[in-house]
Structure formats: structure tokens, C-alpha cells
Amino acid sequence: MEKIKSLTDLKNLQEKLNSKTGLSNRSDNAGENIRVKVAMATCGIASGAKEVMEVFIEEFTKRNIDAVVTQTGCMGYCYAEPTVEITKPGNEPITFGYVDVKKASRIIDKYVLNNELVDGIIPVNYETIDNK
Amino acid sequence: MAKIKFHFLVCGGAGCQAAKSEAILKNFQDVIMERKLETEIQVIKTGCFGFCGDGPIVKMMPDNTFYTKVTPEDCAEIIEQHIVKGIKVSRLLYQDSGNHENGSGFKTRGLHKKQIRIALRNCGFINPENIEDYIARDGYQALGKVLTELTPEATIEILKKSGLRGRGGGGFPTGLKWEITRNVKADQKYVVCNADEGDPGAFMDRSVLEGDPHTVLEAMAINGYSTGADKGVVYIRAEYPLAIERLKIAMKQAREYGLLGNDILGTGFNFDIEIRYGAGAFVCGEETALIHSMEGLRGEPTVKPPFPSESGFLGKPTNVNNVETYANIPAIFLKGAEWFAGIGTEKSKGTKVFALAGKINNVGLIEVPMGITLREVIYEIGGGIKNDRKFKAVQTGGPSGGMLTEKDLDTPIDYDNLIAAGSMMGSGGMIVMDEDDCMVAMAKFYLEFTVEESCGKCSPCRIGNKRLFEMLEKVTKGQAIMEDLDKLRNLSNVIKDTSLCGLGQTSPNPVLSSMDNFYHEYLEHVGDKKCRAGNCKSLMQYIILAENCIGCTLCARNCPVDAIAGERKQAHLIDQEKCIKCGACMDKCKFNAIFIK
Amino acid sequence: MAKIKLSEKKIEELKEVCKSFNNDKGELINVLHKAQSIFGYLPAELQEVIAKELNVSVAHVYGVVTFYSFFTMTPKGEHPISICLGTACYVRGAEKVLEEFKRVLKIQVGETSADGKFSLSCLRCVGACGLAPVVLVGEKVYGRVSPEGVKDIVAEYGN
Amino acid sequence: MDMVKLTIDGKPVEVEKDTTILKAAKLIGIDIPTLCYFQLKDMNIENRPGGCRICVVEVVGRRNLAPACSTNVAKDMVVNTHSIRVLNARRTVLELILSDHPAECLTCAKSGNCELQTMAQQLGVRELPYQGEQSTYRKDTSPAIIRDVDKCILCRRCEMMCNDVQTVGALSAVNRGFMAVVAPAFEMNLEKSPCTYCGQCVSVCPTGALTEVDHSRNVINSLADPSKTVVVQTAPAVRAALGEEFGLDPGTLVTGKMVAALRRLGFDYVFDTDFAADLTIMEEGSELLDRLTRYLKGDKQVKLPILTSCCPGWVNFFEHNFPELMDVPSTAKSPQQMFGPIAKEYFGKKLGIDRKNMIVVSIMPCLAKKYECQRDEFKVNGDPDVNYSLSTRELAHLIKLANIDFNSLPDEDFDNPLGESTGAAVIFANTGGVIEAACRTAYELYTGKKLEKVEFNELRGLENVRHATLDFDGLPINIGIAHGLGNARKLLEDVQAGKSQFHAIEIMACPGGCIGGGGQPFHHGDSEVIKQRAAAIYREDAGKPIRKSHENPFIIKLYEEFLGKPLGEKSHHLLHTHYFDKSKGTYIE
């Protein structure tokens, strides 16, 4: 990686990252892809988030689904760990709680493939700083 | 197979469940079956919407309509009107009362939210191990702005204007702290990030470091620039391996991108960071103890002054802030001091992250604006008390804090109000207790912690807390006399008044606060030898009610100490001498024949 | 105190650790962390070597080791069990879980079972309060542990 | 100088800005009680952990009470040192400390000298309302020092002395919270540690947690045994301090009364370590001259500087810390250990007393001497040259035990021949004294000229490290002096690095020299006491008719009759020793 040598460089990099080509490599906005974020803070991992993440990766590969699976930090819903947020192109992100290995497959079957929701959705209950 | 057209999201949070969401679910299903709409409508049970005051809540998808205070009787009407006729049921529609206008700049999706995420703005959004995720979300822009547009003095001025106060517990104005360090002349200065989160039941710092480590690095660099330090140290608990790992990755990436190191962003500013590990000593949360620990010494505090800002790490001026404080700083520079100061109360600006835990439904990490009430936190965000028990108290401030009770539920939470209520903000642990929690036992629990964590340097803390603990133990065992309660109070006051550091100066707070709010419980333990919460084992007896006992022998067979005797088909009896009060018998009894006296 | 007699190789390894921190006495805690991660605990001999390398008194090293609860001078069991007694876990019944572990393993806190398999310790908050009460076996976290579940956890490790 | 005005207990006071409340109060006659606080002003020694919290005072406008010992004054500060709030807090804190302290005053070695006891009396503690578990630890008895840390109040004075002042590093605060205590590594016995037995920890301990090993009972038994001839020797520093134990002002010389008391105690011969000090000068001075002469002749093998070796704490220190420099110190034994063989092999033989039947007792200002006399190399077939070493404090105790009214005793003289000494020997008690005495002799032997002015004022004083260049008739001799082992370490490190410019270095382990030794009456942090003792020693020197060791007629006679010449074969055998590398010592077996 080339060092960022000025504020302009930094802003250019940000712009690039937020452009279409940049998006495909990013976890917080997958652009055209289905994007899965698994909360992998200590409590998430302790509840089995790693295994859940593996299931998503395996299943997507097996079923040939074009999706980006990444880890992220604590979403705050400790009571419902492991938690997974899924964004389908053109849709609001949806967060699923209590996702174990079985439920991960069900989410792929129902939501990812068929747009059907499953129990245990966690409504976003906070506001955050506007991202531009 | 027909595609599902509508989703009904019914709040299945424990708070709403109490308010009949199970019945709503069932009614919806019934009506759907009746009308044979099962291929078009799917009813989903969700987690808590964080708005339980208006619960139960039903969200209609895909049109994002919110219905509040829905009753089971409303189900048919909703389907009839909303689905069949396409007309929203206006009397149930969510109305934004506008009471909590948070100003512009917040993403609002549907329901108005009680929480605002500033410190946690990136947690759960970005991949913490990818610096580009952070950069894409304005990462390091604040540092860039500060380095290119602002003098150190102007930077500090903005921070002062924002009203940010230390989130580690004390609430000291952050800008002022920076200014003091800036004004000390020295050849070398340090900035330190206190990530030795030791308050049992608090994990906000861990979450920030695990979810958004770059924000801390960026803020430390800003701190270094404005105070005149080119070295930063993160002092972190060794018990947080994941946070350490992610912090290391973040540091490595920041160096690779030139955002740490020499000549940052071509401005000539040099700044780098190293890590030192804590090793399990709560007292190291205290600045001077933390610095000694960083120097490889026993983490004992020293008398202030001199303050670390004058003579800190290796004798050099040192500015110590905690993780959450740092996490707010880039946002302040991106959005402005006025914006930040617009959130919160008169003297406490911005938000506070709390680790909501204990007897509450939605255990979790929350970030709320200062000034929110405890009631909102517990009943809206927290979804109410677990198992529908009765609320008794909330403990904030950990071992340094106190109990907040029913009467404090509507007090706006900020630094000063919490102190006035006999507790303190602390680092953000918020433990909810219900009627099954004994307040004397709680005080004892915290004192046990303090005794274990006291460094031992000063006598009131070393010996006084031990004596407090012993007296509380006497109370919970029913061995105390009334005079002991006066002694408890005097000793508590003296320990507060004479201890060397913050640990001892606050350690009696759980005792004083529980005595202030629940003196009757102390009296009951001492006078009546009773613990109303059924928590203090020494004060309770398991008794077999002879008329309910059928002599099945199940209890006797499960007693780990053979304390239960009795012939088959005869009423059994518990030998109180032998009984260890484990409760196994009561759990096993199928005939409600065992009760606690 | 019995001498364990570290092998020359181990002593060299330890000296390398000290060297990697420039034999700087200010890095004592980092050195101890590293040493404990290599040896599992910090026996007296090891502290003597470290003291010598960092040019501080052995008493000083011991003073630091005994100050911090993370450092231990007794070898832990093959499967060290730690029960979180943080507030969140406490109010959700961690004490009962601890009692059950003591009963099942027949050891007290700070002890190692006779076969060296398990050791028992308490810790304050791993930050997984959402899963309270929490138990750690080695690095593995068990959440929402009930006294009834204790036997199962122990059984997982073959006892 | 920035001055600050403030009010303490209603009285205005103006002090320099960095003054503590404690010191400011003292200026206007307000004595705020302290416990952990400790100071030896003239030696730059201060212990101020702010830990005991006895000295708390109320500062108007401050949330909590302030420790007076470590809170600086501020402009317009209003301080109250005895409000109800302060008195209650202070008493409660003391009650807490006492609640974790064994109530063994009646049988405690420190009773009567205990600062905690005094404090309890002063604050009027009459009962202990807060009682509970007491922290208990293993007792530890070493050859010189007993640790009974159940009585430790964690004032940290010993830790400060052992680490900051002496840089010995035998002690550290260990454990945490209620179980915190000051101890050697692994809470092992002191004997396993690099302890030098300098005894400075004992001399500053406010309670009975650190005391000396008491040999007075053995001495009483010996005195009562008709088959034994009991000989006593008294170190120079004792005579300048013993009077303090009997209420006399510090600096009162009680040489004659001390001799009288010893005689009344039943010692058969009352001799003086000063005699052996003169002997030490003969040997050590000759060694210096020998090395110097060879050095000046270009001998590359010769080791300079020469280091004095009379101080057993210092000897222990370099054996533990500077084993590679073991050939640098003089091989001359300390005066105590020179006295032993002379008493048993010369004096005893002259009288026809078998050494087994002679008991040599020394009265020392020192605790390391207790260890020194037990060293194997100072024994003949298991019989020590010096059987028992008592501290000044133990002697005072013996005198009281024998119902002797010390202050009304007449002055008496030492017995001969081992009681005669010069002024040079007396000043061994003070820092700089040994080297001054050596120079008096070395000068005359080297130059062959008479030294007109025997006082070398440039070698006197209390600065931590001193140096002076003396003119040996055209030859400049560079002298270094350090008292306190931390200061010694600095000089040693220079020697180690080959940077030392000195020809000779004197080192004494204790602040002020032997007058500030670990066996002296407790000075309780009053450095004026030590200064007065030093002055008394110089007075004693000035009053002596003979002030150079080589002029001591009994020393001359000893060489003629018995030893031959300094550094001769007999001297080598009886008066010189060798050192052991103790750096490899380990706590674990």
C-alpha cells in the first residue's frame, strides 16, 4: 500500500472507496452483491459467531451465490448473539438475532433466496451519525 | 409457489410479550388462515424495537408502516384495512411526539429511536480489521482537518466548546485536560489511552476497540497534535485478547497507510502508538496507578498533585483519556462542537454508552443521549425487567457507584444528577436488579470486589474496606446488632474522606447508597433476621409442608448432603443443621411441598 | 520452594524474551506476560532470571507478580476453568455455578485437581455480560451456564 | 522565592510555595501527627507514600481530607488540623490500623519505642470498635534481623531504605490489598535474600515488625558462668549514643559511664574496639601505602583505588553486587574481627586462658556485626573470635536489667592493654573518619614528616558522596567517601567502568557512618540526633592526647611483642581476610 501523503490523497481514497468499483471490496456497502455482516466481538464469538460465519461462506460457495461475507464489531444486541446483518441490493439491511448454524441455513433458504423473513429479526433501535 | 407479498413484523421482545404479543401473533395467524392469505402474508416475531412504551409494535413490510399499542383485537382490522383494502389504520399509526428531536444529521428509519450512536457510530458497521472501511466512513478526516486547518490551541478550543467530559467515570472536561498538558513545557510528552476497563459488568471500551479501533488511534493522534506529544500508549487489559489483536492490526494498517508514523498526511506531524498490557488490577484505572503499571511497577497510585499532566509516564507530562472519550472525538471534529453540544443536558454533552445488564430483557450495549431517563433506558430500550419481575434498583458506576431506585426513574441521566442521586456515571456499567436481589448482599458483593482489588497502599482502603465487608457479612448472616449499622456508616464516611485514591474514596458508595435507599432491608436483616429477597442463605430455611408432601422421596434422593429424612409415603423433614440451602429439593419437588421461610 | 530446574534452552528462550524488550526494566510487565504465555506460569526461578536480565531486584519482580491477578506462580490445570464473577454474572447466579464447579471438581478456587486436569479460578468480567453467567474453559467461552450445566461442561473434557 | 500565605488552625503563616502543610504547620508550632512519613533531612532521605492517612487535615473547600505530609500549601488556603471531622477520621484510621495489629505491646521488643503505640496513646484510643480478621505471616529470623510482619503497618519506610537509599533490593512490597506486606522475594527468609544486614530497615521501622536478634541473654549466661573469662569491646559510635537511652541529650559522650556500667555488669575485662581500630589503620594504612608505592613505581597489577573494609554491611553488599571487584577492597578485617583474635590469641594466651574459655562480646552500633561475627572464616574450630555482638540498644537494656543507675555512675577508664586508643580510632564512628585516620598515619609514614594539623576537614561532613584531594608532600592523593550503600554503588560503578579517579575510597553502609548504624538508639527521623553524635565523636578525638594510630604505645608494643610488622605473616593470618562471591545466591534450593 502506498502511503497517504496528504489530506487530498485521503479524500481521493475515500471517494474511490465509495465509488462503484470500490464498493465491491467493502463490507459496509456491497453495491450489487448480497452482503452479510457477522457481529464478531467477544460475546458474538463466544456465542458461536465464527461457526455461523463459516456456514454462510460455505453455503454461498456451494450454492454459487454471489455474496460478500465479512465480520464486524458489536452491534449492541448482546442478548441476541450471534447477530447477523444481511443487505440485499436495493433493500434495507436486516438484522437477524439468535443465529445459530441451523438458522443460518434457514436464513439463506428463506430470506436470501426467497425474500421471506424469519423469526428473530432485530429492529434497528438507534440512530447514527449521517454518513454524508 | 406464490411469493410472499407482505411481512408482519410483530415485536416479540420480552417487554412486548408481556403486553400480549403472543396473542397478537396468534390472532394474525388465525385471521390469515381464515382468509387464506397464508401464501401472501408471513408473520414474523422480531426482537425488541426499543420502544416498549408504545408496544406492542407491529411493522408492516414492505411499506414500513408502524402500528403501535396494538392489541390482539386489532389484528382482524389491520388485515381487513391495510392488506385487503390498502388503507392504513390511522388510529394505530405511529406518531412522532417530537419530544426527543435530536437535530439534524441522524439517520432515522421509521420509528423514532431512543439511542444515538456517536462513540459506537462504526461498531457493527465496518469490518474492524479493514482500514478502508473506516476511511470510507470519514475515517481520519478529522485528523486531516485538525492537522491542516487548526492550530493545537484552536483544536483544544473546539473540544472545550463541545463540552465533552471524560467518559471513564470522573467526568473531567476533556478539553481542559488537554489544555493543561499542552501548557506544561517539556521535551517529551505522552498521550495515553486507558483501556483497562476493570469495572465488572462494563464492556463498552472492549466493544469500541473490537468494533472500531481506528477511531481511537485517530483521536489519540489528534490528542498528540494538540498537546504536543509524539508518542501514544494504549494501556489495555490483557484479558481482552480480541481487542488487542484488532488494535494491533489497526496500528499496523495505519502505519502502512502513513496515518501513524512520521510526517502524517504531509504535515510534518509525527505520532506513533505502542501497547502496554494491564495484568488484572482494577486500581490501574486510576491514572497514577496506570502510569506506574506502564512503567513496570506495582500499580499503586500516588498522591496528586503532581497530576500526570505535569509529571506522568516516565516523569513526563502525560494526558490520559479513556477509550470511549477518544471514540467521541473524531465525530466532534467532523460535525462541529456546536452539533455535539446540542446533544445532552446543560452540563453533560453528547451521549453515553452503557452496558445494560442484569435482570433486564435486552442485555446489550446502548448509547443514549445524556439526559435520557432511567425509565426510558430500562423499559424502552431494555425491554423491561426479565421474567416480568418487579424493578428494584439500578446500579451504576460499578464498585464506585450506588443504587438508583424507583424514585430516580424519571431523573435525566447525566454526571451531576447521578451524583446528586447518590451514585455516579462511572464507566458505564448499568446493572438492573429486581425484587429477588438483596441490597445488603449487593453491597457486600461490591465490597468483596473492592477488598480484592484494593492495592493496599493506604490504611483506610486496605483495612477499612475489609472491615466494611466483614460487617456486611455479619449483617447477611444475621449476626449483626443495631450498633453495627452506625459503625458501617461512620466507617464508610471515613474511608471516603481519607483514602488515597479514587478507589477508596468511592468504595463505600454501594454501602452508603444501599443504606440510604434500602435501610429497611438492613433493619430486617439485623432486627428480624430476615432477607426479603430470599438471597441471604443464612437467613432462610427450606421447609417441607407436611400436608403437601406425599413422601415420594425425590427430594431426599436429590439432596447433596443427605439432609432430608422420611419414610416413603410419609411427610419428609429437612434437617436444618445439615441443610446447605442449595435449593435442589425445591427444584425437584413436584407437589409444591417445599417452601422458603 | 523447590527448584524446578529450567532447561538451558528454556532459560535462553527467556533471555531472548527479555532482550526483545531491550532488557528495559520498564517493560517488566510485558516481559512477564510473554514469559507466562510461554511457560504457563511464573515459577520463582523464572523470576530470578528475569530480574537478572532486567537488572532489578528479585523482590521487585515478585512484588509485581503478586500485585497483578493475571500472573500466577502455580501451574494451571490442563483445562483452566474460570468463572466470571462480574456484576452481571453475579446477579444472574454465577455464585451458584461456582459452588457447583467446586462440588463437582472437589477443588477450591486457586487449586488444581489432583490429576492436573482442571484448575479453578474466578475472574471479573470478560465483557460478555449478555451471556451471563459466563464460564471460560481455556479460551472457550460458555454462556448462560446454569448449575445443572456444570457437569456437562466438565464431561466435555473427559471427567 | 515565591511565598504563599495561608491559615492553619486560625493562625496565619507565610511559607515558600512548595512547602507541605505538615512543614508549614510545624513552623507555627502545630505538630500534625504522622506515622508513615519519615525524613532524615540532612541525608536527603524522605519517605512520603501518603499511605497511613494519619496526618489528614481539613482544607476548607476541598471535598475530602488532605494528607498534610504530601499536600502542598496554596494561596489563601484555610487548614484545620483538629476539627471534629479530622479527629474522628484520624482516630478511626488509627483504630483500623490497630485492628490489624497484634495487641502484644506488653511483650513486644519495640514497646516504649513504638511509634504506633505512641500514636494510640496520643490520639486516646481506648477501644477497637472495628475488629476482624488480622493478616498473618510467617516469622523470619536471620542472623541479625527478625521480621515479625504481623506487626507491619505498611509505612514502607523499610522498603524505601532498602531500595532507594541502600539499593540493596532485599525487600519489596508484595501481594495486594489486605495481604500486602513488605517482604523479600517469594516471602522467603531474609537470609536467602541479598540483605546486607545494615539494619537501616530496623532503625526506621515504627513498630516491632523489624527488630534485631537479641543476644543479651547469651551474654548474661556467659557472665554468670565462672569458667568463662568474659571480655567486652565497645565500638567508637556507642559512646556517643548510649546516653540517649538514659534520657541524656543526643551527643552526650558517656565513655566513662559506659565503662563503669560494663564493669558493674560483670565483664572481666572492659576493652575498646578503638584499640582494634588503631590496629586496622596500621594494617589498612600499610596496605594503602604498599599499593600506592607500587602503583607509583608503575606496577600495572596493583589495584587502585583501595576500598576500606571495616564495615560488614558494605562487605556483604559488594560480595552480593560487585563480585568482580572483590580484589579491590582492603583485605584488612574490621576492627571487631581484629579485636577477637588479638583478645583470644594474644591477650588470652598471655594470661594462660584457653580460647574456649574466653568469651568475647562486642557492643556495636550495628546489626551487620551480629552476622559478621558468625561468619565461618572468623572461627577457629567452630569457636568464633567474637562470640556475641550486642547493639547499643541491647547494652542499654542490659544496664537497666542490672538495676544500674547509669546517669549517676562515675567515669571509669578502659582496662589495658586492649583499652588504649587514639583519636584516630574514635573517628571511625563517623563517615569520613576511617579514611581520615588512615591519612593521618599514611601521611607520616609516606612523607616521613610530622603532620602538623591532624584534622582533615575536607573529609568531614554529611554530603552523600564526597571527594577531596590531599597533599602528601607534593603527591596529590584523591580520596572518595560515600555513606549509605546507594551512594557507595555510584562510586563502585565508576570503579567498575574504570572511570574512578580515586586512590582510596571509604565506604560506610549507614547514613552518617556508624553513628547512624542500625543498632543505635532510635533517632525517629531526627537527623539532628545523628549530627550531634558526629560532633561528639570529633570532640572525643580532639580531647585525646594521642591522635594518630601509629603512635598508640600499646599498638607499638603489640607489634613488638607479637605481630612483628604490619602486613607481616602473623598479621596476614590473624588480621586479614578474603571475600566470597555471593551474587550467584538464589532464593530457591
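Letters A, B, C and D mark the chains in the order given here, with residues in each chain numbered from 1 onward.
One rule holds for everything that comes next: a residue touches a chain if its C-beta (ideal position, glycine included) is under 8 Å from a C-beta of that chain, and two chains touch if they have at least 3 such contacts.
Keep in mind it's a predicted model, so treat the numbers as computed, not measured.
Identification of common neighbours of subunit A and subunit C yields B.
This structure's chain pair with the greatest number of C-beta contacts is A-B. Nearest to the common centre of all protein CA atoms is the CA centroid of chain C.
Greatest Cα centroid separation from subunit D: this falls to A. For this pair, subunit A with subunit D, the centres built from the Cα atoms lie 73 Å apart. Inter-chain centre distance (subunit B to subunit C, centres taken as mean C-alpha positions): 27 Å.
Here the spacing of subunit C and subunit D, counted between their Cα centres, is 44 Å. One simple way to say how far apart two chains are is to compare their mean CA positions; for subunit B and subunit D this gives 57 Å. In subunit B, the positions touching at least two other chains are 203, 206-207, 240, 281, 298, 300, 357, 363-364, 452, 455.
Shared interface positions of subunit D, defined as residues touching 2 or more other chains, are 173, 175-176.
Looking at subunit A, one finds that residues 42-43, 45, 77-79 touch two or more other chains.
Across the assembly, chains come into contact as A-B, A-C, B-C, B-D, C-D.
Contact residues on subunit B toward subunit C in their complex (touch as defined above): 197-203, 206-207, 238-241, 276-282, 293-300, 314, 355, 357-359, 363-364, 395, 398, 429, 431, 433, 437, 442, 445-446, 449, 452, 455, 560, 582. Against subunit A, the residues of subunit C that register as touching in their complex are 126-131, 134, 141-143.
Within the complex, the subunit C residues that touch subunit D are 1-3, 44-45, 47-48, 51, 56-63, 66-67, 69. Residue ranges on subunit D touching subunit B, taken from their complex, read 49-53, 56, 64-65, 67, 70-72, 85, 88-89, 92-93, 96-97, 99-100, 129-133, 153-154, 173, 175-180. Partner subunit C is touched in their complex by these residues of subunit D: 163, 168-176, 183-188, 193-194, 586-589.
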